[in-house]
Amino acid sequence: MDYQGVLTEIAASVKGLVGSGQVADYIPALSSVDPDQFGIAVADVHGEVHGVGDWQVPFSVQSVSKPFALALALAHSGEGIWRRVGREPSGTAFNSLVQLEHEHGVPRNPFINAGALVITDHLVTTTGDAGTAVLDLLRAESGNPHISVDEDVAISELANADRNAALAHLMASYGNMENPVPVVLENYFWQCAVRMSCRDLATAGLFLAREGVRADGSRLLSGSLTKRVNSVMLTCGTYDAAGDFAYRVGLPGKSGVGGGILAVIPNRCALCVWSPGLDARGNSVAGVAALEEFTTLTGWSVF
Amino acid sequence: MDYQGVLTEIAASVKGLVGSGQVADYIPALSSVDPDQFGIAVADVHGEVHGVGDWQVPFSVQSVSKPFALALALAHSGEGIWRRVGREPSGTAFNSLVQLEHEHGVPRNPFINAGALVITDHLVTTTGDAGTAVLDLLRAESGNPHISVDEDVAISELANADRNAALAHLMASYGNMENPVPVVLENYFWQCAVRMSCRDLATAGLFLAREGVRADGSRLLSGSLTKRVNSVMLTCGTYDAAGDFAYRVGLPGKSGVGGGILAVIPNRCALCVWSPGLDARGNSVAGVAALEEFTTLTGWSVF
Amino acid sequence: MDYQGVLTEIAASVKGLVGSGQVADYIPALSSVDPDQFGIAVADVHGEVHGVGDWQVPFSVQSVSKPFALALALAHSGEGIWRRVGREPSGTAFNSLVQLEHEHGVPRNPFINAGALVITDHLVTTTGDAGTAVLDLLRAESGNPHISVDEDVAISELANADRNAALAHLMASYGNMENPVPVVLENYFWQCAVRMSCRDLATAGLFLAREGVRADGSRLLSGSLTKRVNSVMLTCGTYDAAGDFAYRVGLPGKSGVGGGILAVIPNRCALCVWSPGLDARGNSVAGVAALEEFTTLTGWSVF
Amino acid sequence: MDYQGVLTEIAASVKGLVGSGQVADYIPALSSVDPDQFGIAVADVHGEVHGVGDWQVPFSVQSVSKPFALALALAHSGEGIWRRVGREPSGTAFNSLVQLEHEHGVPRNPFINAGALVITDHLVTTTGDAGTAVLDLLRAESGNPHISVDEDVAISELANADRNAALAHLMASYGNMENPVPVVLENYFWQCAVRMSCRDLATAGLFLAREGVRADGSRLLSGSLTKRVNSVMLTCGTYDAAGDFAYRVGLPGKSGVGGGILAVIPNRCALCVWSPGLDARGNSVAGVAALEEFTTLTGWSVF
């Protein structure tokens, strides 16, 4: 596969979309990013890494950290975590608190905020420091020890945490929170505020395309559990647009409000695309279009 | 692949589950079925068909007819149908009427009842007789001209149609119904009441594994549209258990309350499993277990 | 009490509001009414009737017929009707279908559409002809035998009945509908399409201020049941603005989208005000203001 | 009126209900109360106070403090408070978080928890110490300077505050919280944990029956605002049973999970009844029955 040629063609094809959409603006540290950026990188299972555009520029990973946290929790504790969080699509964004109430404090899946708070809480219990545990995994898998947390972003998120605090307290009221809410929130925002480039994220996600095998050849997850993480990414990875993402792109993927999206093609490669402008459902406009173009050009949709 | 051996092993493995769960009992014609039946069939893209157990016994296809109706609507009208129906998972069963109200009469996807009523309505408009159009497709693709509608079931469903009538009238109140509600309901129940065996259904579904190519070599859908039908089956095909089905089975699939499930492995084969006992979310208990076993034994999950 | 003086003062006071708001426009027969009309009438328990403005002009009573239907149902069948319909405020308009689904087809109260359909269904069962039963009551209590149904309105409503049909079918799916949905809808629209003046409605409502005693001196309801109808009017009579109406006006009242409102001051009088312009919650803008002015001037709020 | 005779008759009449229902058990300090207690007191506008049973035994007032907090907020700030909280019945208990989300952090009314938190927040802003402000009002109006807060209850509530914290943080996320959530929660629980007897509460509530005039002859609220507090009590004072309470009792009333209910008969008297056993909607079983009996015997329903 001529990855470099494909990526170059994609970059040309989505050029008109870069800068469109809306940059996340709920905290100043995110809203000040230049919207006219676009990068895409692919890391294949044989060790090749290619990229075009701003593929080496670090950005705020935000929710793209969630599959890494999920993988860690599964690695530590196995499928027992599903007692505390489901693995069903949530339906609508608006429903989050409703569903949490209906379903007695058990969030729908680990990729909505409520579910990610449960995973964080679990990692706080099992590792003592969920933020560091996720950061260590990201550094080790990307091979980049300089990856770090943007403390301005983390602090700014903590200062605007009321909605996540509401979710965490509601779960606590149902007995589904093991650690104090402020501790869980801090660990949660810490992992969201990590800054990485497309190159780093694609490389770090490679274990999801390699049946759970890490950069150092050891195994993080069994092949079966890895497929399961991928299935949750496909059905729940792009907020209330998971069906549309599956329809257009046809790959397991996880997006973040920083404009990044990580996608996995089992046994082939991991991809990361980034462009800050978001659509109404919180996914990068140029990013989704680039991934759609990728599966169209390569025919590598899982369907 | 030794299909016959794999299917035999699966049948032995799920034997203890056959008869468990609850047979659909909302109409007498369905509740009287013998729960101790199990069949599974696989039709591969090279023309082989294998099966074990009650794989040649006809049963009521119910919602397994929905992907065929969707494929027909896409074949006739292309992606314009998405103006009238979405392609996102619905979240929770209980939400159906809520969501329909929130989203102004546009149902979440074509595989919940409301969405299937829209597809039926569309086919009534474009073909004049949606029930016959779907039946003709099922006969042609399965190669079995004797497939027929169980009129007792159809009549019994019509006599218990209040909930579907409520959905249809609600959509009509938003202008999302082109034909009179009673006409749409009759055409809808007609296609649900078709009786087919696992053999017939696996064979009929083969075009979904062959990028849209029909039994006679002509094309029903483009390769791209076929992938898209598969993606909707994966994210929305098993009611409010789509995430769990993707997690355990890892295949596009569509279940029905008659106990049948159709699954697709792109470029390899189509599968149909049947056992009448349903779990709490309306999917065949032994059927889901058999498909999970199939992807475990073959490694053919899409993830 | 100088009723005539009070009514004249009120008419002057609300003059600036007449014509504001939005005339009901979901059917042509209602949307064509002249918005610049205002009438108010009071009928006291001693037999006096006073009015100002367009108080003798007939208008479409719409939901103002609902307390009369409820009174008839209670008179025929007593408190057993509460097995089929509740007497709690509904919370939000938008919730109607949600609540109906949650609460298994038992509507919140007899003054939302779903509840009024249950009352109509009950009257169809007990009287054979709910529309005529309500019309007869309105004629007898107002002393005006010429009151009639506007058939254009009734037919137009029937032609736009999808939402009410959805409610009725949903209730039928829970076993809470005794007669065929089309029969219930026809009887329901028949009573909504009655045309009456403020004079007629205030006079007809007098039994609610007289502890259940009718115009002819006989008793329709016991004193206790009459108080209970008044309590349901206060808590549920003005759609999702019942709390605001109680706060501003402080009287049991029932509004209709024709712009009429009937209010009751126990042991003193019944009032009817009419002006077609509606606020966002479906209540007459000038009408609510006029009633608020009435209780301010007289001090006759129930609180 | 022979109050003593009426109260004695009521006590005899509801005797069989005392001890039935369920004592509030979400905190130990409440669950340990003896369920076989019943008291009722009436304070009339002429200064008479009567009582029977355990009418002089202090109990935890809980939500019965809410109308006093509302009255203080209206006294300090007038009707501007309605920008931050509505005055509509909430519909269903289950909906509280849903509605809060739908309605952008503006709670339905001041008597559900979310609304009471807004009122408390407002009083923290205007008085500096909402807990003490409410306590001072209760002492002054009851004439009992020994009324105090049960600190065990307050501390126990704070330790189980997750659900209220979720509500407060959700409102904060919409900008509807002026003070830090922990401060508001502490002030809120402080006023709920006040211990008073039926005698004290009936006397303290008398200003609501006297058009706003306090025990010392000064005015807390205008007559018009007092009527408005009463109207909110009637439509929203008994959780999701307000319609039923209005139907059966026909008075403005406010209940608490300690088993107390305060009711107001404008221009006549204030009543307080107490018995710890609660019905499924959180209102005292024997208490509601006693008030129903009171209006039946006296004919003093507002309807």
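A, B, C and D are the chain letters, set down in written order, and residue numbers restart from 1 in every chain.
The rule is short, and it goes like this: contacts are C-beta pairs under 8 Å (C-beta built on N, C-alpha and C of every residue); 3 or more make two chains touch, one makes a residue touch a chain.
To keep track of the chains, here are their UniProt names: A, B, C, D = Glutaminase.
Since the model is a prediction, treat every value here as computed from it, not as a measurement.
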Far-end chain from subunit B, centres as C-alpha averages: D
Centroid distance [mean C-alpha coordinates] between subunit D and subunit B, Å: 55
Computed distance of Cα centres, subunit D from subunit A, in Å: 48
Whole-Å separation of chain centres (CA-atom averages), subunit A against subunit B: 32
Shared interface positions of subunit A, touching two or more other chains: 94
Contact pairs between chains, per stated definition: A-B, A-D, B-C, C-D
Contact footprint of subunit B on subunit A as seen in their complex: 86-92, 94-95, 99, 102, 108-109, 224, 226-228, 230-232, 234-236, 240-244, 246-247, 250, 252, 266, 296, 301-303
Interface residues, subunit C side, partner subunit B - complex: 94, 97-98, 101, 162-163, 165-167, 169-170, 172-173, 177, 181
